[in-house]
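Order as written gives the chain letters A, B, C, D, E and F; numbering starts at 1 within each chain.
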């Protein structure tokens, strides 16, 4: 990545992009590489993060933020995307306050220590990820008993579809996760203090 | 689609979305269903079309607009997405002024009547579509002799990745192409007059 | 194809083959390439078209001629055979008087605008095409409620199997569909007059 | 098979079919089931065996009869067709006078005790069997150094394609190989006397 | 194999290994190649045969020795392992006293002439062989009505898993089955006398 | 697992097994679940760990202990085995003193921060894992320039094959990794003190 698609200098970036990046840096303590990797193309950067925010930061619907990250981690592992598995696995651990769950869903969500609702959610997400053209009524019906409605199912599908885009970009360009992500959310909180 | 995710009434849409849709309708003579299907979620609509425009309407780089549509048609067929194959196949025929090319690349780009440059471009796009995690240096090097540079290759990859998102959304939601698309670009121009 | 396996001169062909080809030409207005491509081997030509006619022109059974062509178009697309998708898609449009149906089943028969009977028929055909060794009693039983009996199911299977042969020959030899096929059956009848 | 598609009574068959079957019975000592299984549909029977004979009994070309049967056995195993693996494996052992070769190519032709020429031939056949749409110039060029010309390659492809048809029919209908085939060609000749 | 990993001289082997090999030779009339192929690494040889004996020679449980060999033959064919299909197919024929069954399960266990109990057993084994990560409660429940309990299911899984190891070793190293195996168990007993 | 195949009481185990388990517990601070899961079958336990030790603890050859664990982690991820990815990923981090490497090879070894020698080693291991029947001379030759000889390649293959067994057993039985493994080797050494 570094060679073929070098990160732009932060100071050369459009003001809106620079501001958002500095804000993220302030909050996280470092700049996640995806913010710099896409910044070389401002129009794509803006669309990418607008899409991301619409799906991942929304408050409506029954999906928690942790469940959204769980979808990302699981389907990104199926797509073998190193950046997204490591970065979103970290956020998943933090949101769900479960230090083991990200590794579990990344390897095999069927064996993860999660409730049936989340297994059904991930089954649907994996089908959108790998065989969206075979999605049929029965797939929707399998989700309703777990409390998902059609808007939630749109969320599950859109998150999966959006990170399928992200996975392909990260893999093609060789984007590497920041080292900080690997350990985030693995330690009990007191160690952080 | 109609049942589960009905199209919103055009008059209830935010002004920016409504304006763009009316503009498209004026130009095309009809409203492509994707504009209405996504409009039920304005924030996603705006991000989706901003991304689309950044990739498909850009003037820079060596990819022609026809080549961009050729990537969409080929990879959407691999993803078995009815909406994108039919709609973008139509635009491909018009841009390339080749009434047969869309059906050819949709079935098997290897047998299509296109120059080696476009075959190499589609080979790369298909690998991003189906095995992005295996992309390696050799794949880039296969494109350089055909006049593609690293920015062009980013375009090829981003178009493939973005329409992978679009394919999954259209398939999951059962989005149907407008009947008008099926015939567009198939007839010699004088018949249109 | 042209280089490796050139078409024979029509005048050098055995009389029975020449007569049939001229008859087809008279009716269609052109000679579909498959008739010439196979003619270089008269014994194979005769067996191929005898088999074709036995399956596609028969009057018995509940499958309509349009349904037979629908099986060909769908499974040929799964086999990525350009010749058969384009040529038989054309005949399908004409027989079924549905200008959109061929493109629909070629991309994804699950999303095509066809009745449940035809979806079940294509599900069975696709299994014969891709996993015939897994066909079991349950697959037959899924067809009976739609009015197919065991003779119809033999027809579905034999058409799929025969065009699997045809697909492999056309792909291996690089057989191209005649340009005329691409547009056939797409226009309302009055435009033809 | 017996239940769904019972064999017809030999005496009810058209004279040409009956004569050929009796001739085969006289030569082999039993009637191979494929002759009876297809006989319920005389037109298909005639086309099937005409095609078979054109490909398998021809004298021209560099493929020996044993090599033709080797293609059938190998690709039929890839298609998991019990009838063809057992019946044609038997004929292969007899023609090649190699009692072990049929089991070897059926399991994994790459490890079979056969010369490089036959390995190359089977590599090509397997590609026609499984990915005919990806056949390209390089595949032809890999065969020329082994003494195959384009007519031989047509033979390899046509045999593979024809038995792909046969495999699907036998699997779908549950056709069973005659018990006699399993042992044929496995014993040294003196034991037969 | 012979070149890269030559068989060790029997006289140079540790006494326990030599003794077992001589015992097998006395019983079978020849030394199965797997005993020599692994003997070049005594520690691995001992572990391999200890594991083998624990699974294949045990007397407890409802699986017969023939059923154990049937699992080996079926899953080894799925793994395309020449050595195991031929060697264990021979033992299967002898144990089950069914000269045809090994070829049948190797090609397609769904079409083999075996009772429903054994088909269910092989369905489970094939899933462990190819998709163990998807094994779920429903797979266990499908076996109980056929008289298998959880210990039997452990046996089915362990045999499949162990021979998956064996298959990979034999294929990687090019291990060839002894010629004697090909004919064993195919002839009625009186011919052997 | 706990329900279907409960762990035996440590005190009921044969003395040799109990002693080894206590020794491991002393060293690691906990008993890795695989030791208890297999202990319900002493003969299989002994063979399993004898095999494991022969492959993983050996001192000869050019593979380091870290490289051995890297093979296990990579191929276990391909087999989606939760237990082995988490447990052996932990050991890999410790041996290699690289806290990030296990997550990297588990997601996509092609993008891992490892030298070409280890990438070549993992390419070979993945082929043994997924397509051992296609291993050919060229695969061996690709390893020699990296300093691997035929004994090292036997090690790579045997480790892959052995953990393919382990993966299938762990997945089928639902074996869960001990929570301790998830964090092992992720923190700088001083924090451990």
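Couple of notes before you dig in:
In this text, contacts are C-beta pairs under 8 Å (C-beta built on N, C-alpha and C of every residue); 3 or more make two chains touch, one makes a residue touch a chain.
Nothing here was measured: the structure is a model prediction, and the numbers come from that model.
Under the contact definition, chain E and chain F share the contacting chains A, D.
Considering every other chain in turn, the ones in contact with both chain C and chain D prove to be B, E.
Most remote chain with respect to chain A, judged by CA-atom centres, is D. On a Cα centroid basis, the chain most remote from chain F in this structure is C.
Chain C and chain E have Cα centroids lying 45 Å from one another.
Each chain gets a centre from the mean of its Cα atoms; for chain A and chain B, those two points are 25 Å apart. Distance from the chain B centre to the chain C centre is 29 Å, each centre being the mean of its Cα atoms. For chain C, the set of residues touching two or more other chains reads 80-81, 108, 111, 133, 171. Chain contacts here follow an irregular pattern that is not a line, a ring, a star or a complete set. Here, these are the chain pairs in contact: A-B, A-C, A-E, A-F, B-C, B-D, B-F, C-D, C-E, D-E, D-F, E-F. Chain E makes touch with chain F in their complex at residues 4-5, 41, 43-44, 46-48, 50-51, 53-55, 79-81, 128-129, 132-133, 135, 140, 150, 154, 157-158, 160-162, 164-169, 171-173.
Remark: chain A residues 77, 80-82, 85-86, 99-100, 103-104, 106-108, 111-113, 171, 174, 176, 179, 182-183, 186-187 touch chain F in the complex. Contacts from chain C toward chain A in the complex involve residues 108, 110-111. Against chain A, in their complex, chain E makes its touches with residues 133-134, 136.
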